[in-house]
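Each of the two complexes below includes chain A, the first together with chain B, the second together with chain C.
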Partner chain A sequence: MTSATGPAAMSSASTRAPSRRASLGQRIWTQRADYLYVLPALVVMLIVIAYPVYYTIELSFFKTPTSLQLKDKIFVGLENYTTILTSGSFWQVTWQTLIWTFFSTLFAFLLGLGAALALHGEFVGRGVLRALLLIPWVVSAVAASYVWKWLYHSDFGAIGALLVQLGLTDQPINFIDNRSTALASLIVVNVWKEFSFAMIMLMAGLQTVPEQLLRAARVDGASPWQRFWHVTFPHLAGVSTVTVLLLTVQNFNSFIIPWIMTGGGPAGASDIWITQIYQLAFGRQRWGVAAAYSVLLFLIMMVLGYFYVRALTRGDDARAGA
Partner chain B sequence: MAQVVLKDVVKNYGSVYAVNHVSLTVNDGEFVALVGPSGCGKTTTLNLIAGLIPISDGTIVIGEREVTRLDPKDRDIAMVFQNYALYPNKTVFNNLAFPLQMRKQPRETIEEKVKAAAKVLDITHLLERKPRELSGGQQQRVALGRALVRDPAVFLMDEPLSNLDAKLRVQMRSEIKRFHHNLNATVVYVTHDQLEAVTMADKMAVMNGGFLQQYDTPAQVFANPVNTFVASFVGSPAMSLIPLQVVTHGTDVALQSAEGWELPLSPENARKALSAKGKDVVLGARHSTLKLHKAPHPGAVPGRVYTVEPTGDVTFAQVFIAEAVVNISVEPTVMLDPDEQVWIEFDQSRLHLFDGETTMALSAR
Partner chain C sequence: MTNMQGRHRRPGSPLRRQVFAYSIALAATVPLLSSTAFAQAVDVSKWSPDYIRSIAGTETFDTAGQCGSVVPNDYSGRVSYWYTGPFEADPQIAHDQDKAFWEAFKAAYPNIQTDVQSITYNELLDKFRTALLGNAAPMVVRLQILGGVEFAAKGYLNPLKPEDVGYASADFWPGALKSVTWEGESYGIPTNNETMGFIWNAKIFADAGLDPEKPPATWDDVVAYSKQIHDKLGIAGYGLVAKQNAGNTPFRFMPEVWAYGGGALDEASANPTYETVEINSEGTKKALQTAVDMYVRDKSVPTSALTNTQAENQAPFIAGQLAMMIAHPAEYAKMLDLASKATGADKEMADAVVENMRYGLIPEGPARRAVVFGGSNIHVVQPEYVEGGQVDEQAVKALICMWTSPEWSTKLSWVGSNPGHLGGFKTEWMKERLDTIKFLDVTTSMLPNGIPFPVLPEAPEIMNIIVPDMLQNALTGAMTVDEAADDAAQKIEALRGGGL
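Up next is the complex of A and B:
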């Protein structure tokens, strides 16, 4: 805790509870045992998280020509940031990242919701179906990416062959080697991979919908759809928010599927932020620019993280306030 | 408003019979309380009337229509649930409006009816609040209001007061009673609190183990319980039951305890006792009909004080008589000690006799 936040925290605490006049230092001292318990975890976090974050931020202000060693980097101020923001590809990649994140999240959520609702009722084979629908989530992303790459393959792919057989196309479609279909094809794989996560979350949420509310709605004359809309869905609002935020963060950060399946290609058509950063850093050794990119990504993640924590704790606040 | 008729209604889950051949008629405008211990099938019966669970057998008529297979929304009923079941994300206004919106009523009508219901229940100032911003009593009123707006043929209420504290319960009790009176509504009211039933209902239906035990006015159920179950369920403290044996000495009939004392019976009670299937008879008596003596008294039987509970106005004593626990009320001035020997006098005109085998009340015929 720095000295700057100390008084601020104090004053807000004292306006709410005048009785708690003890200084921050005193309060930490009285709770020293608690701090001691979290200390080991804190130290580990500092080493594995805080230091890399700090180093990335530092690096983002330096140039690292390949002719020099990394330790001889040259300070360039904000040049890396201006380079990124003024490059044409940045806006294209950002646009693609937004499309990727938005549609992956949207369809994974909707599909997960549909699956959760379908699995909520009692029917024969429900357990088996649930297990089947969970497979995408438990399969390794790397393995899944290779499998889908083959499914999409223009010459040997099963999907292309199926479409030809059904008479929908004359020739197998070039799904991932085509600028106009690459990103969409990746989104399909991504949705397939993660909709079961949304399904699990929403299934858990569905089990907590109070039976009496649904009964009340039935007596009040609501149709099944109206019961869903007026009772079930509002009840799922909290878990839906959390699910959507988690999916958004995850999709914004996805790497395995796009990297393995297209590597961002063809010609950058399926590049997203992460693949771009990876290429800049490990492909072209432009560490400074990659670091600056990472810092921007970090800031966006912080904003999403803020909303995530707020969504998670909102219920607690309401309960504590009541 | 309308009558409700249950005919041979059965609900079973496999071999578990939650409701077992229950038949009863709730007349138009009547307030009927369904009472019984936990798990006796009260909620199930109510849900069957509402149509919330499929019926196994029997028929249900509401008004002039048979509704046995109809959807809840087509039965013209409104229901108040135990934990109110208010829609948490809707304001009080929208909670009240919901049943009307679902029935596609015009906006102005809805507004008018909601305002009217809110006024009756004195919740007009709460209309813009969310349920979680209300107290238990206010939520209860909103739940009543949601049932009220639609002007249904029958009100079904499942333990609507059980989540309230004792004081509020008494207050809401009289409010519901007045509400019933003003609307002249047909009400089926589930409660496990027999006092609620006695104080509110025109008739009470006592259930046990899925069976309807007795269906009559509270006064009748109180005065003439049909079996030992009803006798011990209605009244607070409950009627005391003492298992005894019938003995005859010529024309005189008495009840004999295992300890050997005998209680001579009046001619009418003697005829009742003799109509029992066997020798086993259960003697029932309410606390207020018993007289406690500190010294031996003609016609009184011996007992031993177990506990003494002064409540201010009266003192309740529990006394062991022939190994049964008997409740007696005495003047607060009477001092009793645990294990003290006392003598109990029965009022022959107000005691009850039940068949020891069948548990049914015995009649003189």
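Up next is the complex of A and C:
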């Protein structure tokens, strides 16, 4: 096999490089070989992603009564969407979803950042500590949920027993059987599970901070906080954006922890969009309404996905424009 | 159903085959008649632990011969079947009986090929639903007692009644037959039926100043006993279960609702129409109030009741931290199993609890004594939804006849249930079960008090979602008892009207 290198290859590449003013069709034609290479993957994606998306959108316009087969579904237009948006539980669940997503993302990011900064310096046992802190991320979410459910258990939980033994409370705290504490308790578990991911991302980001800049700032008399705020953090902006977006998407779609630990209860106090969709689809067989809910969730994910791709390709655009 | 398409009998002269068939039919008539007559002889009004013991082992059955009169034993064909068979956690006897059935079926029908899948309880419904959408379902499926009505209503199932496989409807519990009936047509045959009992720890009762051998007679007594136990010993009295989206919750709460004269619809009445919503009736509210009294006022039940299923009550019970609960017939075996796995001081405690474990009837209320009528039914799928598009009617009948026979409906429900065919109660195997499974007679004697959940496609949602939601709304204080009951009534009305 030969490879084209040197001026000839560069010339060929420049000939193939599409003009920025070229139409999409021309650009595709010019780069037809590249598109052919990715065609098999595109076909697979169309089958496993595009068709389910299309079917979900189609289903969202139909009513699926429990007594009818799915093929006998009834066209109701936008009724499923209006049913969702006008139901009292929708806004409660949406509010809980926003709280869940916001605080899970915020604390996972802050904890991950703190851990990444702590592990960035050289000290004895750094490798061991890094491995230990990675454990929550690698543990199965299902297993973790069951363990935490027992730790939180309102009658025999280890946390409650410890607090009683330490004399901090008279009786075990009711973490997940109480409407006012259930969601917060689940957020703690979620943060514990996710902060390692943020830590890994930010540790990678910290490798890109130029050491000479930090040394120069130190020579100029900058305090540790000033060095972090004016030198380190600006270099982490890109990776932080990506991390926050990924955490947000993950939390918006998070299902395992709330479902296993509380099933959305008590009395709906920890119900979020994804548990609600699951319940509608598989618990109540309201496929149409669940599909409409999923379409709404999909739209939100698309918006987040757009920002994610923008954050990822920001550097590419800048280089392309240069 | 298609019949015999593409199927071939063994070669043989017509005369010889006819003589053989007539003699089989003649031989089979006697047990069939005896079976029907025997069903009338079982006096349900006498149903009690003593009566159950008195009839056990008084009748013998020739299963292969009987089914041979329905489908000749030399029939050649194929049947596909999905059911929940024994899994790793089940005792060895369940595995042995399952294996023995397939060997017996092969011996009775050597020319019928079987394509069998055993699927876990939680996966079967979803897998069956998916297979139906793709026309890849099995010919025969066994589903939990209310699983079938959804599929019957949607037109997936073939009509099927006991008479189709040589039995009489009188051979089965009326409640069980009700659970397979949709719009006046029968779509299945009961394979096994069970009811739960009430278990308590006699030592805890004694320590709390209660009569250790006397269970609470009424639900009001349960509330009082639970409070007394909690106040004196600081442990949970009654094992309330109120988890959302969990079948355990209605199985333990509805008996109380029915006892107070309430219901979700009118399922507790003699001839239910399922037209009237009774979840906000006075009876239901009274039952809901007792739950609130125990959870909120007395704090005499586990705080974790809102996230507990029955499985989470087993550990505190075996640890002597919970005094009483509604329990499955297999609960005693489960407790023995837990005790056998315990070590050191825990084992001592667990053994003591098993020793002090007592079974009794579920308490009664002002209206009645009630329990959920549980079990499973066997169904035949419409050919167009079956893989290959055909149902071999004869092979299907042969399998169902064997499975629902007095012999196999007893053996296949060995540990955790009871035979669907009432003839099973007269078999020697029932006698053996009674001799080897402690307290089986007590839970079995609850059967006449069994009330099936409403036979509606919406029943799973009403029981597994709306009822637990109502309980949680009241127990957490999110709503008052009246508000929670009215909210549940509105949800059922909306559900019946096709709303969200």
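Everything that follows uses one rule, which is that the second predicted complex is superposed on the first by the 292 of 322 C-alpha atoms of A that agree within 3 Å, B and C clash if a C-alpha of one lies under 4 Å from a C-alpha of the other, contacts with A are read in each partner's own complex, and residues count from 1 in each chain.
One rule holds in what follows: contacts are C-beta pairs under 8 Å (C-beta built on N, C-alpha and C of every residue); 3 or more make two chains touch, one makes a residue touch a chain.
Being a predicted model, the structure only gives us computed values, none of them experimental.
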When chain B and chain C are modelled together on chain A, clash or fit: fit
Between chain B and chain C, more extensive residue contact with chain A: C
Partner chain in contact with A:L133 - chain B first, chain C second, else both or neither: neither
First, second, both or neither for A:Q279, with chain B first and chain C second: second
Partner chain(s) touched by A:L296 [first = chain B, second = chain C, both, neither]: neither
Which of chain B and chain C A:V191 touches, first, second, both or neither: neither
First (chain B), second (chain C), both or neither touched by A:T262: second
Touching partner for A:H230 - first (chain B), second (chain C), both, neither: first
Nearest-approach distance, in Å, of chain C Cα atoms to those of chain B in the combined model: 51
Residues of chain A contacting chain B in one complex and chain C in the other: none
Chain A contact footprint on chain C (complex, rising order): 126, 132-133, 150, 153-156, 236, 243-246, 302-307, 315-316, 321, 457-458, 461, 464-465, 469, 472-473, 475-478, 498-500
Contact set on chain A toward chain B in their complex: 210, 212-213, 215-222, 226, 230-231, 234-235, 237, 318, 322
Chain B residues within the chain A interface of the complex: 47, 50, 52, 71-73, 77-79, 81-83, 85, 87-90, 98-99, 102-103, 132, 146
Residue numbers on chain A that touch chain C, as the complex places them: 63, 65-70, 83, 87, 149, 153-156, 172, 174, 176-179, 261-269, 279, 282-286, 289
